[in-house]
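This is the structure, below, for whatever I ask next.
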Amino acid sequence: MSRYEKGKQVLESIQEKSLEELFKSIDDIAPDISRFVVEFPYAEIYTRQEVDLKTRELCTVAALTVLGTVPQLKDHINAALNVGNTPTEIVEIIMQMSAYCGFPKAINSIAAAKEVFVERDLI
Amino acid sequence: MSRYEKGKQVLESIQEKSLEELFKSIDDIAPDISRFVVEFPYAEIYTRQEVDLKTRELCTVAALTVLGTVPQLKDHINAALNVGNTPTEIVEIIMQMSAYCGFPKAINSIAAAKEVFVERDLI
Amino acid sequence: MSRYEKGKQVLESIQEKSLEELFKSIDDIAPDISRFVVEFPYAEIYTRQEVDLKTRELCTVAALTVLGTVPQLKDHINAALNVGNTPTEIVEIIMQMSAYCGFPKAINSIAAAKEVFVERDLI
Amino acid sequence: MSRYEKGKQVLESIQEKSLEELFKSIDDIAPDISRFVVEFPYAEIYTRQEVDLKTRELCTVAALTVLGTVPQLKDHINAALNVGNTPTEIVEIIMQMSAYCGFPKAINSIAAAKEVFVERDLI
Amino acid sequence: MSRYEKGKQVLESIQEKSLEELFKSIDDIAPDISRFVVEFPYAEIYTRQEVDLKTRELCTVAALTVLGTVPQLKDHINAALNVGNTPTEIVEIIMQMSAYCGFPKAINSIAAAKEVFVERDLI
Amino acid sequence: MSRYEKGKQVLESIQEKSLEELFKSIDDIAPDISRFVVEFPYAEIYTRQEVDLKTRELCTVAALTVLGTVPQLKDHINAALNVGNTPTEIVEIIMQMSAYCGFPKAINSIAAAKEVFVERDLI
């Protein structure tokens, strides 16, 4: 299996969406960036066994809370749920971030988490 | 036990240093900020049972990689080791961050991790 | 009066809104974060006499301009007005930030200030 | 010609919009900030001959991708096109940024570029 | 008096250093950037009467705490003292920032303040 | 030629240093991150013909000025010189960034450029 095929499989398994759906808004002008995402983080990082996916996705939620990019935060809150985190664990880690990146980014990230939980009928 | 005593105990247990040592450089001009750190993140967040300390500290390492504040990153790499993470797990999560905050911050954070590992005779 | 009660009183007096209204969008999934905001910045910082509230809120507007989190910036532009700053003073400080965080964040923050001023019939 | 007149001419030539239109949303509360933008970056920087405008605007697109301020990114994607960059060159530079600021900001910036390209009937 | 002369006078009065001393490390390769700093923030912003210099410098300290650029933070802690702020007021505002940008940046900024206070024999 | 070999060749040609030298400080604890840098940005991005290397490296200098990571900024100022940019062009683009990320980051980046120019006997 090629690096691309391996990465695509991992990405679609974690995100529970097809690659096409995830990148449909930008693939017509930048087809290579979805390939980069598939071949680098998904084929090369999320496949590594040193840390399990449940912990990896929680760390990504922490990172995206600090970064403040809401669309990707929502994608990875979904991914975090898909690989076995509970809504409570996700909220806990976002709250923890308030000590490191301040309350505004933490509060906006909890609002993003709530949107995901509502979309999935979890609350 | 007061909130302060509880937080101080948790902080000193995680960091394996006394509060006085950790804040000695700033306590003479800002004595309250160490109290805030004790009473808010340590008494209120790291004591919560919803996520274990091992995962919490790995998420903090992820966050501080994105934030780029090296002294606190080193403190929490130490803390992450103290609560049961291996050097490999810490390096894995920092590498994972390169996809979210770019290579420069990831590489500088790996250099910080190496300094900690050397100080602790782990490599 | 408990720390929570003191912080709640200060927050509601500065923001001129009830705590429930301010946090209604996230309190169902993360009830503790509003308590953290009440007990830490409001009970512990905004109550301190060393700097007056008018200056503190102007500094928070400066900080949130650099941070770029619009919802909290709007809350604190409201708060800055509530504790005695004029629209002119708020706009001045945001303009001053252009030298430190660049024009894009300053311009977007002035647009946020304008929304607040319109909501309050100030312009 | 005064500094202001020179800067206004350069700004309007690069942006292909009148100064009034570009700043109409904030000029009533902060008339001086558009003057600062005219007199500092446009009169003083974009007029310098050491680097051509085509390269300057591509560098600004790179910077605004890292900064993450979408309205100004869209203005400068427009400007980059106006001074001779192709959509392909703009997308290339934004993709390149994924290595320095991570995929989330690069992907959101490509989505912003797509909006501009659609508005200009380029795709 | 020209814009440059006015700005130079304000800058030197606030910073209590000559322009040459402040920019000596970079003036040989980028002589225009000190002119930009003189003509834009100092001639155009710090001269405005709408907010007094004491408050303006405290807001700049807040902003630079969030931004995390230590050399300029130290310059403006010096400036804040020069225009009438006490060490206590400066420390207060930096501590306040912990709620907005997290503890790491606030703690590193307090350490920078301490260096300035030691250099000025204030502690 | 494999992706790795192609990327290594491009990286060493642009940086004018061996991969081993560039990553010697972290390769013992994180050998894969240098491979990621080789295989992703160097094999996949800097090899693309849509934008020439001279412009690409100037855009990277712009990005790293906004990001504020000095070691990588210095590496890419070196790279920018290696692929044909003059010191003047590099300083111009960093100065231009002051409008987008503020003066502190621009000034610190000019100081970094000066260190590189001195190391290369260019001034």
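We call the chains A, B, C, D, E and F, going by the order they appear; numbering starts again at 1 in every chain.
Assume contacts are C-beta pairs under 8 Å (C-beta built on N, C-alpha and C of every residue); 3 or more make two chains touch, one makes a residue touch a chain.
No experiment lies behind these values; they were computed from the predicted model shown.
The chains touching chain A as well as chain C are B, D, E, F.
Graph distance from chain E to chain F, where chains that touch are one step apart, equals 1. In summary, the chains found to touch both chain B and chain D are A, C, E, F.
If you compare B-E with D-F, the chain pair joined by more contacting C-beta pairs is D-F.
Counting the residue numbers that touch the partner chain, chain C and chain D have less than half of them in common. Mean C-alpha position of chain A lies 23 Å from that of chain B.
Chain geometry summary: the mean Cα position of chain B and that of chain C are 29 Å apart. Chain D has its Cα centroid 30 Å from the Cα centroid of chain A. In chain C, the positions touching at least two other chains are 32, 36-37, 40-41, 64, 67-68, 72, 95, 98-104. Residues of chain B that touch chain C in their complex: 32, 36, 39-40, 44.
Per the touch definition, chain F reaches chain E in the complex via residues 68, 87, 91, 94-95, 98, 102-108, 110-111, 113-114, 117, 123. Interface residues of chain C, counted against chain A in their complex, comprise 25-26, 28-30, 32-33, 36-37, 41, 64, 67-69, 71-72.
On the chain E side of its complex with chain C, the touching residues are 37, 40-41, 45-46, 48, 50-51, 55-56, 58-67, 72, 88-89, 92-93, 95-97, 99-101. In the complex of the two chains, the chain C residues touching chain F come out as 98-104.
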